[in-house]
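Quick one: structure below, then a few questions.
Letters are used for the chains, namely A, B, C and D, taken in the order the chains are written, and counting of residues starts over at 1 for each.
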């Protein structure tokens, strides 16, 4: 089976997730000054920025995955839906985080959400590795240090939240910054194998 | 007519259905602990998981349908919109189910919604069978036992809800689990006819 | 310019319009019986069904338009955005109609919305006629009686609403039923010109 | 890397932004006459029209950008996500503007939002210029006077808002009208280079 519809569906889900989070941001209740906006919406905007970056990173990585691999099977379909399920919870957990002004339990729940998405992404990669052209992806990703270390950072964030709630967001922010540095692994792989690509 | 826009539109509608259900989930009213989250959102999360699985299964099956058949006519367009109508009601019926903490009538309404979607899917298959390449789909689906038994399970669920409300969700959960087992009928059919596919 | 992105964007907008209307439907306030559901949500469901049918009809006609014509210019882009603007108001006017339980002014506003969408669709067709391949569409549509009579029906509905509010919805319902009959003009045209199509 | 998924994702995000703004428009609270609709929703409709026009213009320009350039790299992905971030804030800032009935600070915040989107669009163009086929875009855009003057208009709007709040919307309205005049630069470029295009 071809992957184009899986990509289109995933693009749709991630585009909606990224956009509806703004609907949840609360505005000042009757006041119309900068100070009131910052007071009521400031934390919401910052956590929205973090969640936007995460969904953007997943979209970008997802995009790279399916640049290399084209054929998918039923296992990949379900592994992908599993990833989308975790991502679809981000607007909920980020709303709770925002409402609580970054309290302990909401920060932990947000971290668990990121951890679940990371695990789902890992399982999706494994499912792709088992498809006929999956070996190409394995080669393109190499050792995948970033992918392997991220879950430990989320765990560190969950632990930190028990000490100081807002400190629990520091590791996720660091992970996001690390992923934001353009990842040229897939591009380099595509350049190396440009001969093969030219046949598509 | 080609089916690509029908697929894109359906992907869009199903992507939105799956995502906006999270907007409806209610969060604890002012409390920020795990216990309060579980109390206010626990049932919502479980019914959301069920609804997510159903929309995911419909998307996956829809995807398989149109892997086999490419040309569509006006009857298929409308049969498809009919299916999307029933699926678009899922966020509404699942919200009522959640608000009621799985009371009798909401469980019955949820079951009727699943039954309507199943009937619409059946009609969509029939409409596709009548298109020029519809015979391929009929062959690929075979006896379609799962498709034929699912409506009876939903009816059983509706009946059970009159005894014990939450028991009415057991048959839908079983159906979802049965469909989650990757269905290799279409993939096997595509493999068998790989020669034809190579011409596309 | 090719029309594929215009189609994808329009599919996205129409898919969202069709789906978010369900978010607006109100559920019984604390009651969980069929009677309460019908009392609070019955009219909403019926008007939702009408609005769903209208957006579905526009999507289907839009789909047919761009099956025939592939190249678009800036004027078509803007005529298309103009159509999407009127369609994007449907969730708002249908919500007001529903909240008012079909009162006079909301029914008139709903009729104006349908009239605006019909005018925008007419302008879109004219803009397409002026593109290089627009003559094909003009030939495929023929005299377009349905398209030309629909606005008069909406006007009749607006007039009727001043006598009996709910009677103002009868003409729009008739128009929807007329359009729901599969329209084979474009399909027939595509069959006739199948030789040309095979070159694409 | 090809740009098709970047386009599809951006189409999805912009389609949702344009559509969910209608969800935010408030309706009369219990009254069902034209006067009450105008009183409660009039300003909202006008600011919605402005925001719709802006997102439509960005979509149209974005569409033109990627008609010329096909290959993208990681920097373009992120520059594009940065643009989508600013656009995703439009429903929030337009809602605040509407709630305040165009007060000073909300008008300034709306202007800052437009300024941020313009800056992000500028950075996206720069990122595209640096791709292998970016020179074609630079040639197609020419001196890009409209693009270069728009930010100064937004700044003028922000300054005007400190004198008379609603006057701060005049420059954005003028910019929107200027951009609404079909921009034939990219089309002309595509015509001139039609020979090259025929190879695609």
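For this structure, a couple of remarks:
Keep this in mind: contacts are C-beta pairs under 8 Å (C-beta built on N, C-alpha and C of every residue); 3 or more make two chains touch, one makes a residue touch a chain.
Bear in mind the structure is a predicted one, so any value in this text is a computation, not a measurement.
Where the sister copies subunit A and subunit D meet, the same residue numbers recur on both sides for under half of the interface positions.
Rotation angle relating subunit C to subunit D: 90°, from a CA superposition, given to the nearest 5.
Centre-to-centre separation between subunit B and subunit C, using Cα means, comes to 26 Å.
The distance from the centre of subunit A to the centre of subunit C, each centre being the mean of the chain's C-alpha atoms, comes to 36 Å.
Counting partner chains per residue, subunit D has residues 8, 12, 15-16, 20, 23 touching two or more of them. By the touch rule above, subunit B contacts subunit A in their complex via residues 7-8, 11-12, 14-16, 18-20, 22-23, 25, 27-28, 32-34, 37, 41, 49, 52, 56, 59-60, 63, 66-67, 180, 182-184, 186-187, 190.
On subunit C, the positions that touch subunit D within their shared complex are 1-2, 5-6, 8-9, 12-13, 15-17, 20, 23-24, 73-75, 77-78, 81, 84-85, 88-89, 91-92, 95-96, 99-100, 103-106, 108-109.
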